[in-house]
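Next come two complexes, and both contain chain A; in the first it sits with chain B, in the second with chain C.
And now, the complex of A and B:
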């Protein structure tokens, strides 16, 4: 492995670390923060939806668990948000074990529908239980005192992004990653060579759910107000999938590219789209699946290396 | 011929939902043999292999391997005991390279240690694959894909290789080449092969079992079956 391969990562994280010095505009800084959060979500989704090929559209469940944990444990037992985040990650992993062991028995569209159903159950619970205050939502504590609370939260998010990125690099090269790809390409054959798809898929989901829950907790800490429609709505699940697929599913850089492009585009179009953004995401998802199955990263690869990986038809 | 019974299938019945595919099927494979399961479409040959490798649970009956009851074990446990299943239709990992497909064949720790040697062995047996080691498996020709599938099965260092219709969809020439490779392999591993091409199957087999509608019709030494008038009429159209 040549050193040059690490260069993009060094530049990327270097830019993020030095952000306040080269980007002074608070509004633009806020957009970068959102890119970071969505990149974490896209990367986390990519482990399950990209590498393992399990198209979950219920990942918002883990996001909501993370966000609600921060708010709930603060309100009930006055826990600080860090402890709340930890509790959220643990709870999300438990939920992932339960949801995964049920939904991973299914394949194709049935799997997709069952993940949506699982997330919807959580949304309806949050909407109807008294201690989550239903549609009114909850106040979440900030992670840091003002002044500069947002900047500190941004620096708290960067290690999480780095962790998610490192996990992807490891997955991409490790045996574990091969097993996930084998399952994606042919689950029956994966079983025939001795891989246990149920176990490998569950491992991927645990990593994924933990990252998504931590991102959800950060989101709660920054926006300090959460509700079923903001942290448990299906749009967020679709966005996670879209970020990874737009950038390039099962690639290291895909979700990051996807997060940058989608966040910037959504921001630019916000005034025109208003409530139509879900339509926009849906349309984009269809277009990517139809015309750009390898994502934006695949275009870059073709352009820069003049080397197209021959795409195989399923045998 | 060695006399040790390697695999013993005892009165297995199997269902797909309400449809019964196997009706009390029994047969044996001895060490170092090549045994062919023969029969037409839908006779239950593939089902039989799926039961042996743990991909399908039989409703009743037993499968014993080296004297151990393996009925109901997981596919992973069965691979670990030394049975490799090469499924029908060259089920590869189509977007991975030839080499990666082979690596995945040595998933189990037992075989992982000798992965390099085993890859080299398979490349020696199938020189064509060595030339194309970095090529994406889905872009190979049918015959080459079958070689990858067989080589991948061998990567787990099996004692028993289950081959499901290795000649499916191959030209007569490629069928001949593939079966020649199987015969070569049979020097180091016991083979249970399923074939619809009855004549070709019997050519490389020591013994054969003819199955029809999930039941055993007849069995015997390959040379005897080839000469059998009933079989020639039923399956060879002679």
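And now, the complex of A and C:
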């Protein structure tokens, strides 16, 4: 690996770290924060959906567990949000173990449907149980005191993004990553060469769920108000998939590119078309699937490396 | 007696569920495509019926045939424009495409009609009829009867017509079907359109007893997944029975436990069937 390969990452994280100095507008800073959160989600989804090729549309379950843990542990035992986040990550991993060991036995559409079912069960429980306050939702504690609470939370989110990114880089190059791609291409063949798909898929899901839960906890800490329809809505799962697919599934930079493009585009459109959000996401999803299954990163790759045929990265 | 009443309510709802799920089962059986936009098409059907009633005074009960026909056309168009392009590609892309279509439809409805809850009030909806010691809402009863007629005619169509035989042929073996002179793409388009028409017609039948808003399709989408898995993926008869079973399960859950937990029970049942008996309750071979 040449040193030049690290350059984009150094520049990217350098820009993010110095953000408050070159981007003074509070509104724009808030958008960047949202990009960071969505990038973490996209990267996390990419491990399972991209590298392992398991189309999970139930990832919002882990997001919700992270968010609700912060709020619930604060309300019942007055835990601070950091402890709540830790508890959320642990709980999300336990949930991932349970959900994964059940759903990974299924393939294709059966797997997709079972992940949705698991996430929907959680949403309905949050909606109906008394201690989650149903549809009213819950108040979550902020991570930092004012002033500059938002900026401090932003700096708390960056290490998480870096961790997620580093994990992807490692996955991209390691034996583990090749196992996952082998499973994506053909699970039976992967088994025949000595890979245990159940274990590898579960590993990917554990990493993924932990990251998503941490992002969920951050979300709760920032917005300080969560409900079943905000942190457990199936739309959020679709959005995670859309981010990864738009940028390029099973690529290192794909989810980050996807998060930047999607968040900025959604924000730009919001000014003009307040209610067109859903339509916009749908249209984008259709266009990506039909015309750009390799994602935006695949265009750049074709240009730079003069590949004759685009690699099928979204199998 | 109250339990019997719960079962009756469940059966009445289950008839409509059966019609919805049958459409999804048909599409899955013939095309191996899980249509995530099924609920969205149901929502479109409800809006068509709603405006048919409010603007042109078309009663949704006989209007459901018109709605079905309109949605059939729409299904054809969606198939030729979009679905056709991902046939033969991975499940992954197919599912994402239909999910995208669903979001487009829901988003378009939000833009056009806002998120308001709309409903119509037929004089029938206030009437209650007795069946022995049990009673039921007449509007539900009529919807049930029409849904059962729809399901039955669909079943007979599949069983006895040339087109139905061709559709079943493609479902049984898409590789051999073209050798028998069946145009698989054409049949796939027709099946998809039939599936969409089922969802739309069922939407029209739901309108007299329920409200409509842009996101109303989502729970029905999930319910039809549950039903289709219960009945065995792709089995049209199984879906009809599965619809009734789900309706009764919901009725009993609402009676013995709570109205708000009906969907939780749906999904637990769904996961249990998927894991323990993936071929469905009545299916023979494993998927």
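Worth a mention:
In this section, the second predicted complex is superposed on the first by the 301 of 315 C-alpha atoms of A that agree within 3 Å, B and C clash if a C-alpha of one lies under 4 Å from a C-alpha of the other, contacts with A are read in each partner's own complex, and residues count from 1 in each chain.
Keep in mind that, in the parts below, a contact is a pair of C-beta atoms (placed from the backbone, for glycine too) under 8 Å apart; a residue touches a chain by one contact, two chains touch by 3 or more.
Keep in mind that this is a model prediction, so the values were computed, not measured.
When the two complexes are overlaid on their common chain A, residue A:102 makes contact with chain C while staying clear of chain B. Using the contact criterion defined above for the overlaid structures, shared-chain residue A:280 touches chain C, although it does not reach chain B. Of the two partner chains, chain C is the only one that A:110 touches; chain B does not reach it. Looking at the shared chain after the overlay, A:191 reaches chain B, while chain C stays out of its contact range. Once chain A of one complex is fitted onto chain A of the other, the partner contacts of A:238 are limited to chain C, with no touch recorded for chain B. Of the two partner chains placed around the shared chain by superposition, chain C is the only one that A:125 touches, whereas chain B remains out of contact.
Considering which of chain B and chain C touches more of chain A, the answer is C. In the superposed model, A:181 makes contact with chain B only, not with chain C.
Note: residues 314-315 of chain A belong to the chain B contact set and to the chain C contact set alike, using the contact criterion stated above.
Taken in their complex, chain C has these residues touching chain A: 28, 34, 82, 85-86, 90-93, 95-97, 99-108, 110-111, 114, 218, 222, 225-226, 229, 233, 258, 260-261, 263-264, 267-268, 270-271, 274-275, 278, 287.
On the side of chain A, the complex with chain C involves touching residues 53, 55, 57, 102, 105-106, 108-110, 112-114, 116-118, 120-121, 124-125, 127-128, 234, 238, 241, 245, 273, 275-286, 288-290, 293, 314-315. The residues of chain B lying in touch with chain A in their complex are 53, 55, 74-76, 79-80, 85-87, 89-96, 100, 103-105, 107-108, 135-139, 145, 152, 156. Of all residues in chain A, only 178-179, 181-182, 185-186, 188-196, 309-315 touch chain B in the complex they form.
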